[in-house]
Amino acid sequence: MILAARDITKRFGGVAALDRVSLGVRAGEVLGIMGPNGSGKTTLFNILTGIEPPSAGDILLDGRVVTGTRPHRIARQGIARTFQNLRLFPGMTTTENVLCGAHQREDASLVRSLLPSAQRAASEARERAAAEALLREVGLGDRIGVYAAALSYGQTKRLELARALNTRPRVLLLDEPTAGMNDAQAAELLALVRRLHRAHGLTLVVIEHNVPALVWLADRIVVLESGRVLVDAAPEQAASDPRVIEAYLGRDAVPA
Amino acid sequence: MTANYLVAQLINGLAVGSVYALIGVGYSMVYTILYLINFAHGDVIMFGTMAALAFIGMGVPPVLALILGCVVGAALGLGVERVAYRPVRHAPRTVPMISALGAGLVISSVAQGLWGPDVMSFPQLIPRGTVSVGGFSLPAQPLVILAIAGVLVGVASLLLERTRWGRATRCVCQDLVAAELMGIPVNRLIPAIYAIGGLIGVAGCSLFAMYFNAVWVQMGALATTKAWAAAMLGGVGNFYGAFVGGLLLGLAEAAAVVFAGSLFKDGASLVIIVAVLLLRPNGLFGTAATQRS
Amino acid sequence: MSAARAAAGVLLFAALLIWLPQAVPGRYWLHVINLSLIYVPLAIGANVITGYCGMVSMGQAAFFGIGAYTSALLTMRLGVPWLGAFAASGVLAGAAGMLVSLPCLRVRSDFLSLITIAFNQMFLVITNAWMDLTRGPMGLPQVPRIALFGWEARTEADIFRVTGVVAGLCAWAAWRITSGPVGRAWEMIRDDEVAARALGVDVVWGKVRAFGAGCFMAGLAGSLLAHSLRLVVPDEFVLEQSLIIMQMAILGGLATIPGSVLGAVLMIGLPEALRSSEPWLMTYRPGIFGALLVGVMIWRPQGLLGARRAAPPVLQSLSDGLRRALRLRPLAKVP
C-alpha cells in the first residue's frame, strides 16, 4: 500500500465524523470512495493530506507513519489533491497556475534567486514547456496563457487537474471531480482521468457521488457511512451490496 | 507606600480597565462575527467624544451632550458599516480592513479640521475628590466611573440574555451562516452591532477623557491598542471576557505605575498582547479554535 | 532579460545618477527627490509584505526607526564605518521583523496588523524612555555624514547619488526575487493559502521571509534617513508614518515595483515639494490620501501603475464591491 489510513477516528465535539476507518490504495490503483452526504469523505481527505489531524489513528505512506506531518510536507512527499470547491489562483494565467505545481521542484533560496543563472533560466524554460504540454494533454491547449478567471467551469476543473499533475505526485486525491457537471461533461472528464491514469501510471483516490461513473472508473470502492467503512470491495460488488443500497436509498429499496 | 495608596491605585486601575473594556466591546463584537478588525472604531469613538465636548461647549446640558455624543458614535458606526464594510463583505479579510482604515483616516482628518490637533480638556462631570470607604480615603471619580461602566455592562448583558435581539446577536456571534439560515436578519443585525459598538465605545471614551482630562484627535489609536489588549486577554469573542480582560489590564497598568514608573504604563498593554499571542492565543476565556495561519 | 538589455539599463541608470543633479534647479528640489528616494525602499518593502504576500503591516515605521537608530548609534558610539552600519541596519531591522511576526504567523495571522501596531508603539515607548541610549525625545543630532572609503557625502547631489544607488539596488533585488520562485510562492500564499500548502509551499516560513525582507529594506532606508538628515528623533517613526508607508505601496500599485517608486514620490515628494506653497496639504495628508485610497480602489484597484491583472484578488473584490455600491458596472476582470 502506498497510502493507507489505519483506524482513523476524528471527533468534532461529541460527534465522530470518522470512526476507526482503515483503507489503503496500492500503486497504480484507482480507489473510489463513496458514501452519502455527511459520511466523512472530505474529512478523510483533509486528514490524508495533513490539513487536519486525526483524533486517533495513523496515516501511513509507504508503511511509514506520517500522522501529524504538516500539509506542505505531505504534499512534498508526493500526495497531491484537487478541491471540491476549486482553489485556483484566479489572477494567474492557466500556464502560471500549472507552473505553480512545479514549485516543489524549484530552488526557493532567496539569495540564489538574486543572481541570474543560465541554469535556472534553462530549467524555467523546460518547466514552461512541460506545463504547456500538460495543458494540451488535459484539453486546454487552446487556453494557454488565458487568465484562470476567464475559464468555464469544466475548464477550471481540467486546469486544477493539470496543476495537480504537475507536482508529479505519487498519489493523486480527487475530491468530487464531477461535482456540478451534467452527464456529458462528467463522462468527458472521467474519460480524461482514465487517460491520464494510464498515460502517467498514476495512483488515484477519487471521491465521487456519481455511482455508475465511479463503478466505471475505479478498481476498488470503499463505501463510507456515518464515519464507518461499510464495504471495501470490487466496484460491482460494492455498488450492489444491500447495505450500500440501504445506506443510499433506504431499506425499502433493497431488492428482496 | 501605604495600604491606602495601594488600594487607591487598585481602584484607579480597575476604573481605567473598565473603560478599556467598554471601548473594546465594539472591536470584540465585530471581530467575533466577521473576523474583521474594525480599524475605524477608534476614530469613530473619538469623533463621538469630541462631538459631545462640542455640544457641551454649545451650552447643551452635559448629560444630554454625552448621550448625543453616543448617538453620533452609533451613527458613525452605521456609516462605516455601510461604506467601508458592506460593499466588500465577501472579499478576503484584508480588504474590509484596508477600507476601514481608510474610513478611519477620513474621520480623523475631518475631526482634525473641525477641532484641531491639540489636546483639549474634558469637563469633569464627575467630581474629583475623595470619599471615605471602609476606613480608606479613596478617589471618588474612579469609583463612579467603575460604577457607570458596571451598569453599562450589566444593561448590555441583560439585553444580550433576555431580549430577542440579544439572542439573535449571540447566535450570529456563534455562527454567522447558520444564523442566516435560521432566518435571522443578519443584514440588519450587523449594522446594529456596529452602531452599538460605537455607542458603548463613545461612553467609554468619554469616561476615559474625563478621567485623564484630555481629548485629542489621535486618542483613537491609543484607545485601540489598549482595547485590543483587553479583548485579547479576555479572549476575543467573549463579552464578559473582554470586561474581565479590561479590568486585568487596568490592574496591570496600575501595577506598572506603582512598581516601575508611569513611563512604563503604556508598555503593559503591549506586553500583554505579545504574551497572550505567545502563551495563550485564545485568551483567558476564549473558546475559538486556533486558526491555522 | 538579455545581457545586452541589462547592460543598457545599468548604463542608463548610471547616466541618470550623474546627470540629474545638474539638471535640477536648486538644492531644495534635489532634497525633495532625495527624501522620496529614501522612502522608495520602504515602499518596496511594504509592497513585498502586502502586495506580493498579502499581509497587512501597520508598523513599518518602527523598522524604519530601528534602522535609523542602529546606523546612527553604530557610527557615532562605536565608530563603525557607514557601509557597515548601513548593512547592520538592514540586518537588524529584518531580524526584528522576523522575530516579531513569527509567533503571530504561527498562531493567528489575523492579528498581525495588531502586533505590528503594538510593536510600533513599543518602539516609540522605548526610544522615548531609554535616555542613555537614544537621548529620548531629543533624539540624536549630528549624525555623521554618509562616508565611503574616504569620500563623504557633503552636498545634496552627493546624497542623491547614494540614495539613488540604494533605491536602484533595492528595486532590482526586489524584482529579481519577486519574479523568481520565492515571489511566486508569496503570490500563491496571498491568493490561496490552502492551495499553496497543497502545492508544497511552507506558508508560515514564506510569510516570515516576506516580512523579514520588507523590514530589511525598511532598515536600509532608516540608515539613509539618519545620515542624510543627520538627526534621528522618535517622532519621525510614529504610527501615522506606518500608515503613510502602507498607503504608498497600495496607492502606487501593489505587486509592482515601479508602483512603489511612484507611491513614494506621490506621498512624500509631492507634499514635501508643496510644503511652503500649500501647507494645508501636509496637515491633512492622512485624510486626503485616505480618501484618495478609496477613490483608487474604485477606479483602479491595482493602484496607479499596476497592470490590471496584477490587482491582487483582494483589491479586485474591493473595487467590485465599491463599484456595486455606487451602482457602477464592475470593471472587466481580464484584458
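As written, the chains take the letters A, B and C, and residue 1 is the first residue of each chain.
Here, contacts are C-beta pairs under 8 Å (C-beta built on N, C-alpha and C of every residue); 3 or more make two chains touch, one makes a residue touch a chain.
Quantities reported herein were computed from a predicted structural model and do not represent experimental measurements.
Student: Taking mean CA positions as centres, which chain lies farthest from subunit B?
Tutor: It is A whose centre lies farthest from that of subunit B.
Student: Where is the C-beta contact count highest, in terms of which two chains?
Tutor: B-C
Student: How many angstrom between the C-alpha centroids of subunit C and subunit A?
Tutor: Here subunit A and subunit C have centroids separated by 41 Å.
Student: How many angstrom lie between the centres of subunit B and subunit C, each centre taken as the mean Cα position?
Tutor: Whole-Å distance between the two chain centres: 32.
Student: Let me have the rounded angstrom distance from the C-alpha centre of subunit A over to the C-alpha centre of subunit B, please.
Tutor: 47
Student: Please set out, as single numbers or ranges, the residues of subunit C touching at least two other chains.
Tutor: Within subunit C, residues 203, 313 contact more than one other chain.
Student: Which positions of subunit B touch subunit C when the two form their complex?
Tutor: Against subunit C, subunit B makes touches at 35, 37, 39, 83, 86-95, 97-99, 101-106, 108-110, 112-113, 117, 221, 224-225, 228-229, 232, 263-264, 266-267, 269-270, 273-274, 277-278, 281, 290-291, 293.
Student: Where on subunit A does subunit C make contact in their complex?
Tutor: My answer: residues 49, 51, 70-72, 75-76, 80-81, 83, 87-92, 99-101, 103-104, 106-110, 113-116, 120, 146-147, 149-150, 163, 167.
Student: Which residues of subunit C touch subunit B in their complex?
Tutor: The touching residues are 50, 54, 56, 58, 103-111, 113-115, 117-119, 121-122, 125, 129, 193, 203-204, 207, 239, 243, 250, 283-284, 286-291, 293-294, 297, 313-315, 317-318, 321-322, 324-325.
Student: Which residues of subunit C touch subunit A once you look at their complex with the stated criterion?
Tutor: Counting only subunit C, the residues touching subunit A are 173, 176-177, 180-185, 187-188, 191-192, 194-203, 209, 213, 309-313, 316, 333-335.
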